[in-house]
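Order of writing sets the labels: A, B, C and D. Residues in every chain begin at 1.
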Amino acid sequence: MYQEIILDHYRTPHGAGLREPFDAESFQINPTCGDEITLRVKLDGDTVSDVSYETLGCSISQASASVLTDLVVGRSIEDSMRVLTAFQEMAQGRGQVEPDEDVLGDGVAFAGVARYPARVKCALLGWMAFKDAVVRTAQTQDAAQTQATRDPEEAQP
Amino acid sequence: MTTIEGLDVQKVRADFPILTRTVREGRPLVYLDSGATSQRPRQVLDAERAFLEQHNAAVHRGAHQLAEEATDAYESARARIAAFIGAGPGEVVFTKNATEGINLVAYAMSNSSIRTGLGPESERFALGPGDEIVITELEHHANLVPWQELCRRTGATLRWYSITDEGRVDLDSIELTERTKVVAFAHQSNVLGTILPVAELVRRARAVGALVLLDACQSVPHMPVDLGELDVDFAVFSGHKMLGPSGVGVLYGRAELLAAMPPFLTGGSMIELVRMEHTTYSAPPQRFEAGVPMTSQAVGLGAAVEYINDIGIDVIHAHEIALVRQAVDGLAAVPGVRIIGPQDLTDRGGAVAFVVDGVHAHDVGQVLDDRGVAVRVGHHCAWPLHRRFGVAATVRASFHVYNTPDEVAALVEGVQAAREFFGVVS
Amino acid sequence: MTTIEGLDVQKVRADFPILTRTVREGRPLVYLDSGATSQRPRQVLDAERAFLEQHNAAVHRGAHQLAEEATDAYESARARIAAFIGAGPGEVVFTKNATEGINLVAYAMSNSSIRTGLGPESERFALGPGDEIVITELEHHANLVPWQELCRRTGATLRWYSITDEGRVDLDSIELTERTKVVAFAHQSNVLGTILPVAELVRRARAVGALVLLDACQSVPHMPVDLGELDVDFAVFSGHKMLGPSGVGVLYGRAELLAAMPPFLTGGSMIELVRMEHTTYSAPPQRFEAGVPMTSQAVGLGAAVEYINDIGIDVIHAHEIALVRQAVDGLAAVPGVRIIGPQDLTDRGGAVAFVVDGVHAHDVGQVLDDRGVAVRVGHHCAWPLHRRFGVAATVRASFHVYNTPDEVAALVEGVQAAREFFGVVS
Amino acid sequence: MYQEIILDHYRTPHGAGLREPFDAESFQINPTCGDEITLRVKLDGDTVSDVSYETLGCSISQASASVLTDLVVGRSIEDSMRVLTAFQEMAQGRGQVEPDEDVLGDGVAFAGVARYPARVKCALLGWMAFKDAVVRTAQTQDAAQTQATRDPEEAQP
């Protein structure tokens, strides 16, 4: 399970820390172990321009968040959601799903996690936070637009 | 007696170790009390033991290999049971028995009725004075008393459909109203054998926006039941009546309803985030499974479903109906025997209750017991129904896949013997 | 390591089939997660199977021979379990687990608080705004969330004793008042291993007339407990943590209190007289056992008690304490390991929780699992306690009679290996 | 179990039917089967002068009530309670208690019932009603006496 790639990301996480500005933030928790992540997303039009995060968690969840930033920053929302789906399928695939390195890059290192069901949630924690934050950016934008037409003063994210 | 195609009863009987024992000084056991609890085949006992000898651990809690295997076994059992009743795995909540399942819904409703700290999604489960819960007069105490208590707690009113002399629900006896919040009824009466008109009762409940709870204790073990197709909101049944372990039952709830319903039992494994000041809850089905669950029993119930599937639930049903036919005809031919419940086999399943003129049910049961025939006597947890028929107690024979025509014949002979013994032979 | 007189651990281990299996590519299983759930000896599996193959029937319902035998087996198990904990048989209520037991008391109290239709005897269980329930900050979620929910339902207030840095209850942190109605606490922490000062907490509760509930989940399976002597009002524990089956637990209640308390789950077997309009309830313990119970599981728990008695609960306790001593000393000697909980063995039992600097508990657990050592990682259903100690998760090793000094050594080595693997060796 | 004596009492019950006058009445029910008995006791000073009853029950409960009247009518309360205790001990004795015919008379026929635990309640139903009724006569008399010293008009049983 502990591929060298995972340990590398764990020891030197990419994109760690919470940064401003951001469009939406998500807080996720793993109820079985109490691990937490706070993750922020900044969009530039349709492109993910930054992902920043703070985690309290194991090597798997930290490395996974690090790989996530590598894979989604600079991509369109649509593309990043495609990566997310591929990662999730692999992680929940119980070792039966062959991962595509072209799509998942360093993410393929997590294929082994799929054989440890109790750790799948760790690998997915950051991804769930990312998904949630993206949904929130959409909501905030909608809300902002709706608000804007009515009362610009209240339109704070 | 017709032989049911594809069923070798002797082969089936060989799977049930208890059926080879004798009672009362050497008489072969004739077990006609499966309506109270069924017996377990070797396959179910073996599955539970194999789990305990190889994979036992706390589920949904550990990260070690045993814990993973145990969680897997537990969740696979849930998926298999869900498929058996036409439900999604997320719609199957494990309870200790059917009784807990009904109480779960009733308490979730009274919990919803205390609105402090709850979201708007639980509002549809809230009750108050003027609201009504509707059941029928033939219900098992398990589908009566929890509703009486819910009414006591919320001020709602309990109403019920009465029962005709033939043992059918009198659909004209009451009308549902806009204040009817729940309609709860048995799929099959555990005394009369009557199968209730589910579709019609669901239609009426839907027309007034009431929730429907089906007590499937006497149907799921004996005939094909697709809860999705029946379109009920909740349903309950017990493992021990379907060749599975005691200590495990199922509450089925439509996914959307379980998602909106507040919890009942609280504690470990059903939480999302716990602080001393406040707790949030996980998604169903976990939200309704507090504490370490009946793990090996769920696995055993999964094995029971597999056993039933291997024989075929329709084959089991046909076999039982043939036994009911024989029992009803045989008993009705004994002078002084009155069958309580439909003699007509339309919409009727496998429980045959009766009284013998001049011989109390307890005495009939005793004579039968002395001959090795195990039946149930009393009110079978349906006291109001017995009062409705003007009897304190009945004798009830009930069947499962392992019963034979010879056993039914032994029942009829035993009843005749009881009449002779108590000198009421005409 | 001292050998405990009268205990042949290898002989004991031979009774537990699962202990011979291997995990993760051929490594012998080192099971150090008995605090979550224990394993079952052959004797318990055999007792349950013998019951099911020879005596299985619905209890307290039938009049035939099997029903009599089943009732006998069930009630004998109750009597044996009662004797084991210094209680009368009428004071032992079977529940599905300890969690249900605590919920039972909490719901009986909110049921009492709705006074409609109740007699004056239930008044002592009634709660309202201004009343207080007191627990501690180290409780398992099972002894926290049901009280939060009871407070939500009744308007009462939850308060708690805080925990000192040493992992002891800070008896000065709060004062009980005349409004304190319940004081509920663990006998032994499932994380820290701390044994709580029962006598002192009971004394304080009595002084203000509060009821005392003891969560004995981690004490009854591991050390001699006489509930009568401890003078608590209620206590709970689970079968699966004491070498017995899952799906069965016990609520102990003082006879006089059970007699006055209204029911929780309602349905069959707990009634006296049922009419559609109104139902009266039977005496305890039946009043609190609605529906067909976990029959074979109660029998299995009776066999577990017999198994424990044959070894001697004091022998088991001494053995576990020796293992705790070895684990605490061994782990404390590993650089970067911090034990959460008392290192002093006074008033301390067998759960050893710790963190490793620079290595997350999940990762420690994974390295151990890969070596065949099964421990639990996470918050162990005591999230507020973890927050109190500023950690999200700990590693917990816990023991039972079948564990050996070699296994504790494997734990300590595994922790060292985890540090090496994650490169935090100093 | 079905001794000839039991069947005789069942077929020709002694003292059946409800009679007036009486000092107290008890209604008892067996929750497992729904069997019922209503039993009345008339005292003459310290002596049981009549026991009358109506049962809805099995042969065992009917015969037991019949035997009860034989055994207690004409005896002192104290004596009848002694018989009751002996009967109860035998019935709950699981076949281990040797009944004393001098005390129990026809009651010894119920020794066999002790081996059928589910029927023990049937055999005891009438006896429990008798015990309860006797307790009630004592209460009514106490109440009557207390009342009498205060307000003779309200002193109705």
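What we mean here is this: contacts are C-beta pairs under 8 Å (C-beta built on N, C-alpha and C of every residue); 3 or more make two chains touch, one makes a residue touch a chain.
Keep in mind that what you see is a predicted model, and the values were worked out from it rather than measured.
Asker: Select, from C-D and B-D, the pair of chains that is joined by more C-beta pairs in contact.
Answerer: Greater number of contacting C-beta pairs: B-D.
Asker: Counting only Cα atoms for the centres, state how far subunit B is from subunit C in Å.
Answerer: 30
Asker: Quick one: report the Å distance separating subunit C from subunit D, using the average Cα coordinate of each chain.
Answerer: Going by mean C-alpha positions, subunit C sits 46 Å from subunit D.
Asker: Please compute the C-alpha centroid of subunit B, do the same for subunit D, then give the distance between them in whole Å.
Answerer: Comparing mean C-alpha positions, subunit D is 39 Å from subunit B.
Asker: Let me have the rounded angstrom distance from the C-alpha centre of subunit A over to the C-alpha centre of subunit D, please.
Answerer: 78
Asker: Multi-chain contacts only, two chains or more: what residues does subunit D have there?
Answerer: Counting only residues that touch two or more other chains, subunit D contributes 32-33, 116, 119.
Asker: Using the touch definition from the top, which residues of subunit C touch two or more other chains?
Answerer: Residues 61-63, 67, 271, 273, 362, 366, 377-378, 383.
Asker: Pick one for the touching-chains graph, please: line, ring, star, complete, other.
Answerer: Drawn as a graph, the chains match no named shape, so other.
Asker: How do the chains pair up in terms of touching? List each pair.
Answerer: Pairs flagged as touching, ordered by label: A-B, A-C, B-C, B-D, C-D.
Asker: In their shared complex, at which residues does subunit B touch subunit C?
Answerer: 17-18, 21, 23-24, 29, 31, 33, 36-37, 39-40, 45, 49, 52-58, 61-67, 96-100, 102-103, 107, 111, 114, 116-117, 137, 140-146, 148-149, 152-153, 155, 158, 160, 238, 240, 245-248, 263, 265-269, 271, 273-276, 278-279, 290-297, 362, 365-366, 368-369, 373-378, 381, 383-384, 387
Asker: Taking the complex as given, what residues does subunit C use to touch subunit A?
Answerer: Going through subunit C, the ones touching subunit A are 360-363, 366, 370, 377-379, 383, 386, 392-393, 421-423.
Asker: Please output the residues of subunit C touching subunit D within their complex, sorted ascending.
Answerer: Residues of subunit C touching subunit D: 60-63, 67-68, 71-72, 271-273, 282.
Asker: Under the definition above, what is the set of subunit A residues touching subunit C in their complex?
Answerer: 1-2, 7, 11, 32-36, 56-60, 116, 119, 122
Asker: Over in the complex, which subunit A residues touch subunit B? Could you list them?
Answerer: Checking each residue of subunit A against subunit B gives 29, 31-33, 116-119.
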